[in-house]
Structure formats: structure tokens, C-alpha cells
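Chain lettering (A, B and C) follows the sequence in which the chains are written, and residue indices restart at 1 in each chain.
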Amino acid sequence: MSLSVLMPVFALMTSLLASVVLFALPEKGYRLRTTINLVAAVVKIALVAVMIWGIARGREYEAAFTMLPGVEFVLRADALSMLFAGLSALLWLLTTIYAVGYLEDSPNRSRFFGFFSLCVASTMGIALAGNLFTFFLFYEMLTLSTYPLVVHRGTRKALRAGRNYIIYTLTGGAVLLLAIAWLHGLVGDLRFQEGGHFAGVDPSLQAPLTIIFVLLMTGLGVKAALVPLHGWLPQAMVAPAPVSALLHAVAVVKAGAFGIIRVVFEVYGLEAAEAMGLLAGLALVAAFTIIYGSTRALYQIDLKRRLAFSTISQVSYIVLGLCLFGPLGVMGGLVHLVHQGIMKITLFFCAGNYAETLGVHRIDELDGAGKRMPGTSVAFTLGAFGMIGAPPLAGFITKWTMGAGALEVGMDWVVAVLVVSSLLNAAYFLPILHRLWFAEQQQAWPHERRWGRLETSPWLLWPPLVTAVLLVLAGILANVPFSPLSWAELIVLREVAL
Amino acid sequence: MTIHLLYAFAGVALCGIGLFGFIRLDHLLRKLMAFNLMGSGVFLVMVGLAQRGGQPDPVPQALVLTGIVVAVAATALAVVLIRRYYHLSGQITLAEPGREPVKKPAADAHREGPTE
Amino acid sequence: MTLWLMAGLLFTPLAWAVLTLLVDFRMGRAVTWLGILVQVLVSLGLWAAVASDGGFYYLLGGWQAPLGIELRVDGLAVTFVLLTALVAAACGWHASVYLDPGKSWHRYFWPLFWFLWAGLNVVWLGGDLFNLYVGLELISLAAVGLVALGGQAAALRAAIRYLMAALLGSLAYLLGVALIYGQFGTLSLADVTALLSDGTVAAGQTFPLVLMLFGLALKTALFPMHGWLPPAHGIAKSPVSALLSALVVKASFYIAARLWLDLGGHLGGYELAQLIGVLGGLAVIWGSWLAFRQTKLKQVVAYSSVAQIGYLFLLFPLTWGVTDAISLQAQQGITLQVISHALAKAAMFLAAGNLIMSVGSNRVDALAGVSRFLPFSLFSFGLAGVSLMGLPPTGGFAAKWLLLQASLASGQWWWLGVLLAGGLLSAAYVFRVYQASFIDNTDTDHFFHPPKSLEVIPLILALLSLGLGLVAEPVLSVMALPFEGSSR
């Protein structure tokens, strides 16, 4: 077996094996568990880096076997999958470090890290899936492995959120299964393929294909939190901070968005989808979600809930980007997959730090937190400015590229959506920043913990600082090779024949 | 209409009566007897239907012998269970009991091992 | 060689039944371990034989049908023989640890266990209608005895109820057999099919087939004839429940499926096929809903069996009047469903037994906090649940996928709703149990910890049902082994 077959398998196996080992570890094996976690995460980054290097030079990595009569299980690494795989491998390492610090004394750590690794394995599987069937397999695995993380605390509220989460996602999964099975029955097993399969398709197939597209988008839209399928997300905020960070920045919402990208680009093909008139509807839903999410975020007083609604809005940038049907717009959408991940995880790390160190959950309790926790607050500020789209941060690159893309194809209303959304972003982030830096502390922190000279545990402090640096770099060095923007450009050149 | 078919029809009638009793009767022993009646009906159908051309067919006879053995075994098991059930609960029907059993259950078999 | 294999499959279980009847529980346990080893080896041997030379007919003792016993050894039979060996071995092993040797009546577990195994092998291999009846009766009587092992009045009530249903089912089947014999003058399923295909005997009435299917459906607990199943499966000892749900109900379904695939084309009809399918669909919905409503853990699992059995009956509409390719797809799907349900349900009952043993109560809400202290049993329960929900990569998913494809291809799109809704409903009852166990209201470990081997067995079964989806292709290839049709 050659290395090109084994690489994707290895990349999947690192976290799968880690998860099995972690489940078996006794609760007390703190050092061993941390070591295994970190080693697995570093190995995975190395594997993904090798594949990224290979793919940039035109190598192909693929492993496949027949699972059922007529159905193949395909793992395949291409430029698009590396966008997602690279993001999740990198953020897995940081989130693991963060989680080790966050869960220091809490119970059930074996279970937590076991499912956490399983969740990352599913994410990797989603990134590497080579056809819709394999994609679905990991998509459902992700649903199941995140449920125990959402209900981890075991409180009534957590269980209720978990129930809602599972109802939304499993129903979405059922719709997706129906769509995939139908498509399979109609045209057979379709591998993801550059340019899609349905260019110049038989007109008699157009009607079923349109229905299937709607079903696919519904199934995927649940995880991507498209309005009106977003209800589970704000509730899932009861999960521990590393889980929220992972759910919202990398794993779950991105799995949905990534699935939408795969379907539009590599199953239907961007041109075919446009020709069938499927993209216009999707663009409207995405635009509505962007505005709706931002508006709802304005009214939240809980910090994590505000961030959650912000996620709902921001993920739809990715979807909206695809619908622009022009190289620049698509590039903007793709690059936002990475940018939004880095920015949002920074914000969630910081929110977790405030909660863990000061006991602060509500925004009006944050007054003066900047003086107490300067490092965290700087990271938060950078993340917030990134979201608003201030140059030269990562978010600016996205919005600029997308705006240019929209003008290029004459969809001027999209620029208006972007502007309104940025104003709303500013409206819900700037007051927080004001409280952090300029307001005086009103009362004692609700539940403060001290770590000597440091503002908080180093395990908690470093991850947000690193991601904050990354989001600055992603903006400044956008034109350097292997930056997210350059990679998105590579994808557009290779895969989307426009 | 031959004489053999008459046997078969008698069998069908027996089956019908047995089925009626099996469904309508609550007393477990009566139910069991109804089952036996039904069984006899089936055996009669088996032997009766197969005798075409006046020649007795040996196969159904052999089958019915086996069938009778099976029925006897089933009846024996049922009688044992019903008897034990009566000793434990004092009931002769399958009706769900009230909170308290009619008769105090025998001591040895009341509870066992892990509760389930 | 073949002689030895056949002797091993049919006579050693009977011999072991007699042997274990004579000794006490501990001795019986030791004897049983040896017997399980023999059975597993013989089953593997049969697989090897069929894989190398193809399937065949075997005349027991050289006697010709109709008086002799004709066995039909083909890929499907081999699949089920292997499944039985696997699941029965697991349940036997579990029972040998789980059952309390101090209870005098527990020694009867072993003989009943072996009679059950013998009956199952007879059914998988039986080639004529009457021997199938004998096999069925052997299974039913042994199964009723096993349920009655519970000892309490409630267990006996469940056992008697089960017995009555089983006896009625058997008689209906036997009456059907009598009518078939009267019409065709033969009991061999293959001969009846041949006569029908030649057109030598007119197809005539559907009635005998309906009668037989009714009897078998009653024994398989098809909705609305499922009333006897939940009490019996719920109250039996866990290894017994596992055996009953995993294997016993499948035996009568297997006969029904064989009858339908051989005779359904001539004697059946569209309406009959659809009717059975609709009953299966209702079983899925109604059984899952009742499972969701139960307060006792084992009742949840038992009602889930009612629902899962419902899927099996989709075989009838999906194989009638469709092309061979679609029919094959449906048969493969159902076979996978049988296997994955057998593995998953056995795992689930065994795990449920462990959980009940640890918390000392059979209520679902008593599970609070158990996730922290007994992760393995809970994990097995959850994994098995994933298979029942039909989520990837489990065997349940592979089965569901094939059935979805068959429904779509045959244009019977209404089964899609059943398949998808059934999955969601089963998620509802599985997650209800999971949710109860995640409630964290205690820091102290006041749970009884069962021996490790009790935790390992369900985990192995659950992992097998999970992995089944990934190796579905090779598993299905056993079923597709060639059949020569010659006697040996």
C-alpha cells in the first residue's frame, strides 16, 4: 500500500485511536491523558501539513473500498478538504490545550476527552470524505459524538439543550439521508468531482434534482444554522467553553457549511446549479440569516449567547459567498471558512476565560475586565474587530473579497447586506469593548480565582493569544503562499471551472 | 364429495370450535383443552385431505404421529406452567392481578437474584 | 465430512441438552463451554464447506423425502448458522456468569439453552415444511421454559401467555402445511416450488399461504399480534431476553421469508404483500412509540424489538412483483437487518441487565449518575442503540440504506417514511435512556459493579453490530454463496 493511500487513513486514525485510548484511561490518569491528547494533535497537524504540501504540488491522496453493493467508502484529500482539515487540525491542538486547563478539576474527564477526540475524528472524516455517502457517515458520527459534550454538565438545562440539539440534527440527518439515497438511486454513486456531475444534465432529471437540492440544503442547513433551522445553536451554549468553541468555530457549523460547499461545487457543479436556478434561493436564505443573526445578537445579554447568534450570522457569509457565482465571491466564501473559525474560537476562548477566572457570564458584568485580564481582553478585542471587518484583520479580507466579488457579477444588493451586517457587528461588539476597557469596575467579580502573577491559568491564556496572532497574520499576510486566501485561490483555480 | 373429504370437513369444524374456545375461554386449563381440540382438528384435516384415490397415504400418518408427540410435549409443559402459576399467584386466568396477589406466594421462588 | 458437520449441527445440541439435564448448574456450565466450542467450530466448518463446494441438499441418514428429513444447506442458511453460533455463544457465556448457581431451578437453563440451539439449527437448515414445524415447536417450547425460569408469578404469566400465542401460531402454520400437502402431495419446499413453476398443479387458493404466514407472524410478534412479546422478553433473565429477541423471533420470520420468496410469486398477491408491509410499518411506528413511553428499562428494549421486527416485514412488498435486482437488494437489506438487530439487541439486553444489576432497579429514571461509574455497559447500550437508530456506520444503517434503495427503485416510496420516521423514533427512546443516565446528581459511587466479563460481552456484540456496516459486503457475500442444488 502506497503512502498516498495511507495518508488520509492515518489522518483519520490519529484522533480515532486517541479517542479509544482515552475512553479506556482511568479518570485519574491526568498526565497520560494530556500527553496522549497533545501527541495525537501534533501528529495530526504534521500529517495534514504533509498532505497540504503534497497537494500544492499536485499529488493525490485517496483510499477507497466497497462497503455495500454499489456503494464505496472513499477517503480523498484534495485542496478543498485540506482547507477544512487544516483548520480543524490546528484548532484541535489549541482547543485541547485550552480544555486541559478548563476542565482541570471537573469530573468525567475521560468521557469528555474521548468524545472530544471522536468529534475531531468525525470532522476529519467530513473533510476527507470522497463522496456523499462517506460524508453522511461522518456527518452523523459528528452528531452523536457531540451530544455527550453538549450535555456534559448533566444539569437539567444542559439535558434540555442536548435534547433539542439531537432533535434538530437527527431530523436534519434523516432529510439528508433521504436526499442522498434518492440521488444515489437516480444517478448512482457519485464521487466528489471538480466541476460537478450535472453540467448539461438531461432536462427530465431537472425536477427531481431540484427537489433533492432543496432536501440536501435543508439537511445540511441544520448544522450550518441557516435560519429557520438555527434554533439548537444558542441553546447549546450551556456546554463547557471548549466545546462551544469547537462546536461553533470548527466542527458542527462548519461541517454543515462545508457540506454545502461540496454539494454545490463537486456534486452539482457551480455552473449547473446556477443554470438550474438553485443558487438564487440559497443566496436569499443566507442573506436573511446574516441580517437576522446579527440583529438577534444585539439583544442578547449573555456573552456566549451573543457570540452564538453572531456565529449564525457569520457562517452564512460562507454560503452567500458560494452563491455569488464569480471567482472572487467564491474565494471570499471559502476563505471565511478559515477566518471565521479562527476569529470565533478566539472570542469563545476569551468568553470562557472570563467565566472561568472571574465568574462573569453576562455582558453588563464585564465592566473593567480589561484591567484585570489584559491578555485575554486584547485577544477579544482583536477577534471583535476582525468580526466587524476592520482592516488589516482576517475579517476584512473576507468582506473585501466578497464585496469585490459581488460587484464583479453585478449583485450589488450583496454589498448592502455586507455593509448592514458590518454595522450590526459593530453595534453588538463595540459596547462590549467599551465596557472592557473604558468602564470602571462596578462590583466585585462574581466568582474570582487567582493564579499568582498571571491573569489566569497559562493553559487558558495561551490559546486565545495564539489564535489572535493568527487572525492578524491571516489578514496581513493574505497574499503569502499557503495563507488561507492563497489556498482558497488555489481551490478556485483547480476546482471551480469558472 | 367423498367420504375422505368428510373427515377433512370434520377436522375444519373441530378447528373452528377449538379456536372459538381458545379465544373466548379465560380459564387456562380450558384454553389448553381447546388448543388440543384444535390440534386434533388439524390432524384430521391432514389425514383426510391427503387420501386421494382411496389409497391411504402413509406420509400424513407419520406426520400426525410426530404432531401428536409434539402436542403432548406442549400440553405437558403448559400443564406444568399453569400448575406452578396457580401455586404462586392463586390465579387460573391470565388477567393482570391487583396490587395484592390472592394467595401468598411460595417462599422459595418469590424473589431471585438481581431485581428485574 | 458433510456427515460429521450435519451431525455436529443437529445432534450435538440435542446430546448436550440431555447431558446437561443430568448434572447440576456448575457441571452443566462446564459441559456447555465445551459444547459451545464444538458448535462454533462446526458452524465455521459448514461455512468452509459451502464456500469451497457450494450449497447442497442433504438427506439425513440417507432416507428419501417425504419420510426422510431433507436439509437445504445454502448461503443464507450458513449465514444464520454462523449468527446463531456467535450470539448463542455470547449469551451462554454471559449466562454462565450472570445466573446464580445457588438457585436450584437455574440448572434447567442449560438443557433449555441446548434444545433452543438445536431447534434453531433445524429451522435454518430445514428443507421441508413439516420439519420446519418441528423445529419451530422445539424452539417455542424451549423459549417458554427459559422465560419461566424467572420464577415469579409474573414470569410464569408471561411464559403462559407466550406459550398460548406460540401454540396458536404453530397450529395455524400446521393447518397451512396440511392444506399444502393435500394440494401438492409433497412437503418439500423445493418440490412445491417446482410443481408451481411447471404449472403441473394449478396455483389455486392463497389461503394456505395466508394461514401459514399468519401463524408465523404471530410467532414473530408482528403488529398487532405483538402483545405477548414485551412481557415475555421484559421479564426473562437478561441472557434469555437476549436469546429470544436476537434469535428466536428470527426463526419464524426466516420460515415466513423462505415461504414468501419461494411461493409468494405464485400464491401471493400485491394486496397481501402490501398488507403485510403496512402491518410492518405500523409495528415500527407503534412499537417505537410504546418503547418511548415505557418506564422500565427492559420494557423499552422489548418494545424496541417489536419495532425492529416491523422492518423485517418490509421484505414482503419489496420482493413482490419487482425485478430481480430490486428483490435481491431488499433481501440483502433484510438479511443485514436481521444480523444487525440480533447483535445489537443481544448487546442491548445484556447491557441493560448489567445496568439493572448495578443500580438495583429496573426503572429508567433510576439510571441517574450511572454514566460516571459504569461507562462500559452504558457505552455498549448506546452503541447498540446507534445500530437500532440506523445511523452510520452500523449494520442497521447498511440495512436501512439498502431498503431505501429498494423502495425507491420499486417506486414504493411510501416505505421511505417508515424507514426514516422509524430511525428518528428509535433515537427518541435510546436518547431517553441516555439522558437519564447523564443526569449528574451524585458524587458517590453507590453502584454495584458487575464482573468485568459481564461488561465485555455486550461491548463485543455492540462493536460487532457497529462494524457490520463497514464489512457489509463480505458478510453479504456469505449469503450469496452458490447453490448447486444436488443432493449429497
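Simple rule for what comes next: a residue touches a chain if its C-beta (ideal position, glycine included) is under 8 Å from a C-beta of that chain, and two chains touch if they have at least 3 such contacts.
Just so you know, these numbers come straight off a predicted model, no measurement behind them.
J.: What is the shape of the graph in which nodes denote protein chains and edges denote touching chain pairs (line, ring, star, complete, other)?
T.: line
J.: Could you name the chain whose Cα mean is nearest to the mean of all protein Cα atoms here?
T.: Per-chain C-alpha centroids ranked by distance to the global centroid put C first.
J.: Select the chain at the greatest separation from chain A, using centres from the mean of Cα atoms.
T.: Between chain A and the rest, the longest centre separation is with B.
J.: Can you give the whole-Å distance between the Cα centres of chain A and chain C?
T.: The computed centroid separation for chain A versus chain C comes out at 43 Å.
J.: Measure off the straight-line distance from the CA centroid of chain A to the CA centroid of chain B, and report it in whole Å.
T.: Chain A and chain B have C-alpha centres separated by 65 Å.
J.: What whole-Å value do you get for the distance between chain B and chain C if each is reduced to the mean of its CA atoms?
T.: Averaging C-alpha atoms per chain gives centres 25 Å apart.
J.: Among the residues of chain A, pick out those that touch two or more other chains and give their numbers.
T.: none
J.: What does chain C use to touch chain A in their complex?
T.: Listed in rising order, the residues are 329, 332, 371-372, 375, 379, 386, 389, 391-393, 397-398, 400-402, 404-405, 408-409, 416, 420, 423-424, 427, 431, 434-435, 438-441, 443, 469-470, 472-473, 476.
J.: Note which residues of chain A are touching chain C in the complex, please.
T.: 23, 66-71, 73, 107-108, 110-111, 136-137, 140-141, 143-144, 147-148, 151, 153-156, 159, 162-163, 166, 170-171, 173-174, 177-178, 181-182, 184-185
J.: Could you pull out which chain B residues touch chain C in their complex?
T.: By the definition above, chain B touches chain C via 8, 15, 22, 28, 31, 35, 38-39, 42, 45-46, 49-50, 52, 57-60, 62-63, 66-67, 70, 73-74, 77-78, 81-82, 84-85, 88-89, 91, 94, 97, 101, 105, 109-116.
J.: Help me check something: in the complex, which residues belonging to chain C touch chain B?
T.: So the residues of chain C in touch with chain B come to 66-67, 99-100, 103, 105, 130, 133-134, 137, 140-141, 144-145, 148, 150-153, 156-157, 159-161, 163-164, 167-168, 170-171, 174-175, 177-179, 181-182, 185, 187, 235, 237-238, 298, 353, 356-357, 360-362.
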